[in-house]
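Structures given as structure tokens follow.
Shared chain: chain A. Partners: chain B in the first complex, chain C in the second.
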Partner chain A sequence: MVNATAVLPTLPSKHWLRGTAPTTRFSLRGNAAAQQLAGQALGLTLPVEACRAHSAGERAALWLGPDEYLLIAPLIEGEALRAQLAAALAPTPHSLVDVSHRQIGLELYGPHASWLLNAGCPLDLGLAAFPIGMCTRSVFMKTELLLWRKDADVFHVEIWRSFTEYFTGLLSEVARELPG
Partner chain B sequence: MLVIQCPFCGPRPELEFAHGGEAHIARPSDPASVTIEEWGAFLYLRKNTRGVHAERWRHVRGCGRFFNALRDTTTDQFIATYKAGEAPPASATGGAV
Partner chain C sequence: MSQCRTETGGRIDRSRKLSFTFDGVQLYGVQGDTLASALLANGVHLVGRSFKYHRPRGFLGAGTEEPNALVRVIRDSARSTPNVRATSVELYDGLIAESQNRWPSLKFDVGAINDALSPLLPAGFYYKTFMWPRSAWHKLYEPNIRAAAGLGRAPEGADPDSYAQRFAHCDVLVIGAGPAGLAAAQTAARTGAHVMLCDEQAEFGGSLLDDPEALIDGQPSAQWLQGVIADLKARPNVTLLQRTTAFGYFPHNLIGLNERVTEHLSAPHQNLPRERLWQVRATEVVLATGAIERPLVFPGNDRPGIMLASAARTYLNRYGVRVGKRAVIVAGCDAAYAAALDLKAAGITIAAICDVRPSADGPAAARARAAGLAITTNTTILGTRGRLRVQSVRLGHLEISGSIRPGVTVACDTVLMSGGYTPTVHLYSQSRGKLRFDSTSHVFVPGTSAERERSAGACKGIDGLHAVLADGAAQGLSAAAATGFAGSPRHYTVVATETSGIGIPGALPQPGKTPPAKAFVDFQNDVTSKDLALATREGFESIEHIKRFTTTGMATDQGRTSGMNALGIIAKDFGREIPSIGLTTFRMPYTPTSFGILAGYARGDLFDPVRRTAAHDSAAALGAVFEDVGMWKRAWYFPKSSEDMHAAVERECLAVRNGVGMFDASTLGKIEVVGPDAATFLNRFYVNNWANLAVGRTRYGILLRDDGFVYDDGVIARIADDRFHVTTTTGGAARVFALMEDYLQTEWPDLKVWITSTTEQWSVVAVQGPRSRDVIAKLVTDIDISHNAMPHMSVANGRICGIPMMLFRVSFTGELGFEVNVPAHYGKAVWDALYEAGREFGITPYGTEAMHVLRAEKGYIIVGQETDGTATPDDVGLTWAIGKTKPDFLGKRAIARPAMTATGRKQLVGLLTLDPQVQLEEGAQVIATPKQPVPMTLIGHVTSSYMSSVLGHSIALAMIKDGRARIGETLYVPMPDGDIPVKVTAPVFYDAEGVRLNG
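Showing the complex of A and B:
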């Protein structure tokens, strides 16, 4: 297995952007039965409501579609968790794919986080329309991204690895308008 | 920018969607038994409606699901959206579809 930390793209040093801890990611597709079994193995309930994320400690399950979830856990738990999930899900039809190295996690934080994102993302990121705990795939200019609001001014962003430079570069351009 | 109502995710910007052509076209259940003309019609003949048109859309940069929409092709107004497999809402069509 590739050492994920060794191949992470270098991020520009900014006061509104930080990398997240090395993460293992699974793409889960399955019906309600599979969702329940996966939730038990993961130690949390998979969200049924559209565009919501549930987290317990460092683990999280993000609703991406009616039968599609992204499961997140610390990288160190990856191998064990994969075996655990595969064993739990064995009785029911499902698809469980390790996508840990497909994308990287970033965190945009601070009072200008939603303003920065709105430079390229057309979603309404006001707290009423995009409350804490909401997650969704969307677009940022020409790239796809996954947004998860962890706090009023903290966004977890998952972006496909090769688009990191594109994404952070555009954000850096936009951030030139920020004070300080 | 248009705001399109995804039946799963709610109102979303047009940029997240992809158009998928006319809706409610059933593939012949036994392709071997239909004539070449019937098969050609299934593949190529479309209504090209002027007015309220039932069409497929995909929330490709969101939940990824296909759904159906009623859109007025003269005004580009979305009248209603509904999940794939459902009948168009009768109140919204005005008997046009």
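Showing the complex of A and C:
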């Protein structure tokens, strides 16, 4: 019996782009009760404020809508976490769906991170309008993505698997005029 | 350097010579020149031929307003741009420019025959002339008009340059960096607000660049300008954009900017984009777009050497170029005197100053008199002479009686016109702001704003440097305050000759009742005052109609220099006030804008996302030919060495029927429906009954729109009591998800159920054929895949190659089949493993084409192929799927309407040609009796048609009126070579009993 290996979309080698550690992802839908129970199982408080991410260690919860969160944890914790969350959430109506492979995580970093994104993303990515810890779904030209500002010049991006090549290809075109 | 260039002065660098060619002649300019100023420095005034009459034309203006000097600029063999205004082209070393609309040469142009024929070519002549004979339109008129139409030649090859795009936000966007814009930007910037300042020119400064004598706060204007720009540059909250035209004002303060990044460079770096589109969302906008001088309308006002007074001043003060040696100044506005004074100081003879007004008493006129210049008032121009350059003007004197007494002819090589200033309200008007007519200055100025925007300076009719600066600062401060940034007012002291911009709209007085020929109003479209008079005589009253009849204002300069004069002439003709004539619409773009920036990065492979499945590379390695399905690349067929598509598809189909095939089904849409009300939701959404679907079982679902027509289909699996895995068609994934979300949010918000797209979470390999179980049995663990444990239409969780798998027992081929679902990152590994495991059974990868044939042999429909948005479930033979006992579902009421069950509806049937080798065309029509005359009575059409290798017979699916009642009949498919007889059958051609599903 062969053991299958995971193959992720390849990222171009750029000084402003890096992959992120393998990740387990869950889409959580549910009301305040579900959010509280999920937070307890995850070990952090789910943000109530719109478009904010809370993280504890390598785990994070990203507010995507009034009843919608993306939960992120290291890949290795995936199966156990799924069981913990399912058990914790059992008493209340909710939806917990594994979307670990639906999208990939990558980081745009460095002094041109927001400049690169603003080539195709219409949001105001200034620090005042998009502070550290903010997250939201948006678009980059013709693809959807999820942006999470982890630092002034670090954006964590979640993008659907098959759009990765389009997204990084466009960014590479945009970056052509950058020095170095 | 020619004697046209002054020895000192201007904002050019005389030490940096630049070589360029115009119509093949090598010339020299200097750094800081525009193509226009460099040509004038070389004494070149003749630069183009007019559009309709091919009249020789020179420079009218010095900037964006230029209607005449349209040239082709050629950078190299791959890069040329037609119809650029020479006044807006920055000179670089090696620039190549050509004149347009002339043949064989600029000086001798055959097309100038039109000028001699002009009495035969009045406005609207083409509406009247080319009507008869009717047959001549296609053969004679249209091709010839097409050949004569248009200006310039479009480049032929692909554009080798790149174009960038960018979104930006700011508190205050200031458009225009003349004195008003600079004052606004600086005042706003000092409050701490984020300010963007853009200007279309190479240098910030606007009118200040033409006015070196003015003193601001005790400094010469150039020094003041330098200080302001340095201050703005040093501020981190300020973005400065030179060479950037605000071309469009879109709703909610979204402004389109066109930045020309490399156009001015001799050797641009290959990594730089040629131009950049900025989409700026500004909280507040300050329009400081200035004003444009109007020409005067008199006979022969278009000869080379006749230009705007402001342009002559710009060429002199900014570029150090004397536009001639002997000038006649025609004044309808005091600004003419400022030009006269500057030109005289530069050594140009002022042959005459003719002021059409009864008196000239402004401070500038007084200074002109003091300088010894003679001014004659009440004077008009009756005509000009000079073929390729003006040589003289003939004056006329307005008598108190109203008549005109012919005056002397004055020799000259330059005529400067000043008809008054028109505020540039294009962007304001684009923003849906309401214009107001100012009866003192006879121009339209901004009235009531529609956006969070304010105008500053000359663009709202303010005259004089001091007033313009003060207004700019006040508007900058108020814009910043509106975004929450407070600051203190700014005051300026100014020493300058302040002239009023008020002028006279319309044509100069002429003797006689009929307007003279060749008094041009719109220079670019060759519209004369006579054309406008003709339009009013023909009964046109609305300016919008007159515009279309005469084409005045319809050229690429959008009537910048002609609009107010046209209105003035028409108003006078009707004896009405200008506001009652109306105003035409200002449309974007403000200046011509390249397609390049609109396309931006979206070209080639990046035009649209190209989505590839996880196993794409493996399929490619097996020789797959791909087809586009939506944005996806799907394996179409897998030809071996010399096979054509037909042979490959035949082999792939037979392999599935006789052995085993594998197919990448990953692109199917997948939606996880979860929550205690999941079954209730699906019951309302799909036609089927889901309440009685057991966990671990699947069912083929049909989705209707509320109009009762089939919208999508797919297999739906019950994973748990409260969890369903819904599949959709590849193309329907996004719209089905959106429709579900729509109903959940707007119709059934009470349901406790949520949907999550999992299309990309799962890679799906369909393993189909009698040996499919043998293949997967080698790799699958933790699961019993025997027929009894896992019957047709079941689902189970297990492992494959050690990783979690959701296994479906389903078939879209009619054979025993499984669909292996694994998390997508494992998709390639599992595809490869299945291929290896299947080799001993001759596993054959098959593509979408074979899949289509296999499903057609079984009569399985494809939504969008058999259905066209007007098919009910019954039409396509799917009534069996409807949950009869359900109280309601989406589309239930609609399909109960009498028309939806009436006879005469098209129904899905099979068609077999009498000759098994004849394959029907998809889309072909079907008729009941042969040899019908046109128009035939059409009773249906072919929806799918293939050669079935397993049957040795072509097969077709068709939608035929009352088709099920016609089974057994012979119908006909009319084709160019004759009618093809076909036998109507049930839509299932192969294994009608379905025994093969059981392996």
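Following the convention adopted for this analysis, the second predicted complex is superposed on the first by the 175 of 180 C-alpha atoms of A that agree within 3 Å, B and C clash if a C-alpha of one lies under 4 Å from a C-alpha of the other, contacts with A are read in each partner's own complex, and residues count from 1 in each chain.
Criterion: contacts are C-beta pairs under 8 Å (C-beta built on N, C-alpha and C of every residue); 3 or more make two chains touch, one makes a residue touch a chain.
Keep in mind the model is a prediction, meaning the values are calculated, not measured.
Of the two partner chains, chain C is the only one touched by A:29; chain B is not.
In the superposed model, A:51 makes contact with chain B only, not with chain C.
Of the two partner chains, chain B is the only one touched by A:144; chain C is not. Of the two partner chains placed by superposition, A:135 touches none, neither chain B nor chain C. Touch counts on chain A: comparing chain C and chain B, the chain ahead is C. When the two complexes are overlaid on their common chain A, residue A:102 makes contact with chain C while staying clear of chain B. When the two structures are aligned on the shared chain, A:93 is found in touch with chain C, with no touch to chain B.
Looking at the shared chain after the overlay, A:159 reaches neither chain B nor chain C. Once the two complexes are laid over each other on the shared chain, residue contacts for A:60 go to neither chain B nor chain C. Once chain A of one complex is fitted onto chain A of the other, the partner contacts of A:122 extend to both chain B and chain C. Comparing the two complexes, residues 122-123 of chain A contact chain B in one case and chain C in the other. Every residue of chain A that touches chain C in the complex is listed here, in rising order: 1-8, 27, 29-30, 67, 93-103, 118-124, 126, 129, 141-143, 160-163, 165-166, 169-170, 173-174, 176-177. Those residues of chain A that touch chain B in the complex are listed here as 50-51, 64-66, 68, 122-123, 136-139, 144. For chain C in complex with chain A, the touching residues are 162, 164-169, 194, 271-273, 279, 281, 601-602, 605-606, 608-614, 632, 672, 674-676, 752-762, 779, 781, 800-803, 822-830, 833, 836. Contact residues on chain B toward chain A in their complex (touch as defined above): 1, 8-10, 12-13, 15-16, 61-65.
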